[in-house]
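Since the structure comes first, as structure tokens, the remarks are kept for the end.
We call the chains A, B, C and D, going by the order they appear; numbering starts again at 1 in every chain.
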Amino acid sequence: MPPGPGGEALLTVAALCLERGGRELFRDLAFAVRPGQLVQIEGANGAGKTSLLRILAGLSRYGYSGSVARHCPLLYLGHLSAVKALLTPRENLAWHVAGESSYSRPQIDEALAKVGLYGYEDVPSHALSAGQHRRVNLARLYLSQCPLWLLDEPFTAIDKSGVAELELLLVEHVRRGGAVVLTSHQSLQVAYPVQILSLSEGLAA
Amino acid sequence: MTVPRTPPGTAAFCLALLRRQLTLAARRPIEIGNPLLFFAMVVALFPLGLGPAPDQLAGFAPGILWIIALLSSLLTSDTVFRSDFEDGSLEQLLLAPQPLFMSVLAYICAHWLVTGLLLALVSPLFALMIKLPAAAIGALVASLLLGTAVLSLVGGIGAALTVGLKRGGMLISLLILPFYMPVLIFGSAAVQNATLGIPAAPYLAVLGALLCLAIALAPLAIAAGLRISVDA
Amino acid sequence: MWSFFHKLGSPPWLYRIAGTILRWLLPITLVALCVGMTWGLLYTAPDFRQGNSYRIIYIHVPAAVVALAGYYVMALAGAVSLIWKMKMADVAMKACAPIGAALTFIALVTGAIWGKPTWGTWWVWDARITSMLILLFLYLGVVALYEAYDNKEAAGKACAVLSLVGMVNIPIIYKSVDWWYSLHQPASIKFTGDSTIDPSMLYPLLLMIAAFYAVFTCCLLMNMRAEILEREARTNWVKKLALEYRT
Amino acid sequence: MYFDSVEAALSMAGHGGYVWSAYAISLLVVALILLAPRRRQRKLLRRLAGEQKRRQQGHTAMEEGI
């Protein structure tokens, strides 16, 4: 049995309402994300999944009402890969603007090898494909020590084997006492209870 | 379980950012060369427009040199945050645990190093071309060193406010040119004085004061502007 | 006290109270404007040096004073909107910019017209005129920035930041332009000595300054009312208002 | 009144053109900034009223089963 969710909340959300263009996307959203939770946000296109994730990350600071409290460092991966085409994958990770940590060279090379970029460490990123850019970005997950991960469509442009590895990584992270909140159109194929937050109905168990 | 890694300190992070920005600039040398080329070309325009008489050129030289330096700084300031905004790096920067005030300063510092500093260093060459008296060259370089730093900081405010807009290029000039005027006044006055043999130090001191004020306040406005632009 | 601030943040309340204030302030403003203008135009003696052209002072100076004050009103509203996230402060800030630009324009045009008979030229790079020109640029910058954003909430915040930067910069710009002028000032043009103004000329001037402040306030409130309606167009109270308007 | 006649007031010893045009332009601009928000507000209310009228018509049409 995987360890059940418990412990201090990493993220608490209370009475969150969002309106865009005169349309109410969600109202009175309230939940807490605790260590060991794997939460998937579901909803149709335009349901406000990305908006919600950006509010949770703290990138959206107005236009909504309610409160979001973050109790730990978090890692946010958005639609954009934040990979500089002029830098090599190694440099991209070593000088990453998220400023999480300073990684040693072996750590970075190991993470790049894990996302299937072994041998690409010193190739300028503009020579890499879109999927490889995503992978450089995902390598941050292998390096990260942040307990809370907020991932916006992490499976986009990733091939089948990459998706399976990523799912394994997510499970490993929550088993270690981390938590993951992600948006995705496909359902996760993981041996771990996934909590679904459907944006039309509120949090389901 | 691996040893928990702590986030790097602010100084280390800013140095890494500075190194990153300078590497990026160095990998695209033409972007560094553009403002200098612009400087050279506009300097060539003035004799064509005003006539080649050396006396006349010398009289206008301090103002001409300063206005061109101001324009080349203005034209490059739009790019400070744009590529980072477009590829998502800016979002990540805003989420970094280090204070945004300092990281923004690192960006501006990198911008100044590849535009203002270089402009100041090559300006004596152009000064000779438009007959600025040799006695004023020291004051020109010193005033450009101080003044372009202020211009970079103020330009950063405009860049931060317009980075999210598709057509920010012209708008940024409208927003920040009024704020450039004091720098232009004191910078060209310093050079003017030096040509007349009057000490330029008081004006350089005023430029230094403006720089201090800009370092203290501009990053606040830039940080606020970036947060708004990323949110919009 | 707190409930007052709370009410200030409520659009329908602000809309209604602004309407009530306007019902009184607007007639008073118009009367003050007419009285001040007639007084200045017809009932004061001409200046012994400039003759009758000095009568332009009764609009030039008030417009300039209120235009400058307007920038500070705008910046303060911007600060309130940034710090306390008050949406109505956003509305007030946005409403200030076009009025301020119009008043600055009046000051510039009347200054130019005044310059022709006084200095023999329409435009002089005088310290105060140059400063007014820069002020006009600052106002237009705010208007341009607001229009450039599609998301009007972000536009408000961005303009608030810009106007705060402007507020810090205005004294620097004024001082530097002043100083620049004293450096380059040709000796022939010097039109204001330390002469004291005669009370018979001062009173209409004060009245006109008050009238221009009132014009500014009226325009501000009216602009705010229009802006509130636009932002709240989907709420029930505005729909009810629209129904009443039809009947 | 300072001036003896209307003509004197209009000419103001040669400065009349400047003074009166300055006042006229200022009055025009003040009138514009006072009227602009009022026009904007009326336009908006008229539009909203029209929208409601259309919606009500739609409702009655549905009720009548058309």
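The rule is short, and it goes like this: a contact is a pair of C-beta atoms (placed from the backbone, for glycine too) under 8 Å apart; a residue touches a chain by one contact, two chains touch by 3 or more.
Values in this document were obtained by computation on a predicted structure and should not be read as measured data.
Peer 1: When the contacting C-beta pairs are counted for A-C and for A-B, which pair yields the higher total?
Peer 2: If we tally the C-beta pairs in contact for A-C and A-B, the bigger total goes to A-B.
Peer 1: Among all chains, whose Cα centre is located farthest from the one for subunit C?
Peer 2: Farthest chain from subunit C, going by C-alpha centroids: A.
Peer 1: Please tell me the distance, in whole Å, between the geometric centres of subunit B and subunit D computed from their C-alpha atoms.
Peer 2: That gives a centre separation of 45 Å.
Peer 1: Go ahead and note the Å separation of the Cα centroids belonging to subunit A and subunit D.
Peer 2: So the centroids are 55 Å from each other.
Peer 1: Measuring centre to centre with CA averages, how many angstrom lie between subunit A and subunit C?
Peer 2: Computed from C-alpha means, the inter-chain centre distance equals 49 Å.
Peer 1: Averaging over Cα atoms per chain, report the distance between subunit A and subunit B in Å.
Peer 2: 37
Peer 1: Two-or-more-chain contact residues of subunit B, please, as numbers and ranges.
Peer 2: Residue numbers touching two or more other chains: 231.
Peer 1: Mind pulling the subunit C residues that touch 2 or more other chains?
Peer 2: Each of 157 in subunit C touches at least two other chains.
Peer 1: Going by the contact rule already set, what residues in subunit A reach two or more other chains?
Peer 2: Within subunit A, the residues that touch at least two other chains are 62-63.
Peer 1: Determine which chains touch and list them pairwise.
Peer 2: Result of the pairwise touch check is A-B, A-C, B-C, C-D.
Peer 1: Any idea which subunit B residues touch subunit A in the complex?
Peer 2: 1-2, 4-8, 12-13, 16-17, 19-20, 23-24, 27-28, 83-84, 86-98, 103, 227, 230-231
Peer 1: Can you name the residues of subunit A that touch subunit C in the complex?
Peer 2: 22, 62-63
Peer 1: What part of subunit B is in contact with subunit C in the complex they form?
Peer 2: The contact residues of subunit B facing subunit C are 157, 161-162, 164-165, 167-168, 171, 174-175, 177-179, 181-182, 185-186, 189, 210, 213, 217, 221, 224-225, 228-229, 231-232.
Peer 1: Can you name the residues of subunit C that touch subunit B in the complex?
Peer 2: Spelled out, the residues of subunit C in touch with subunit B are 82, 134, 137-138, 140-141, 144-145, 148-151, 154, 157-158, 161-162, 164-166, 168-169, 172-173, 175-177, 179-180, 183.
Peer 1: In their shared complex, at which residues does subunit A touch subunit B?
Peer 2: Touch residues, subunit A against subunit B: 57-63, 73-74, 76, 78-87, 91, 94-103, 145, 176.
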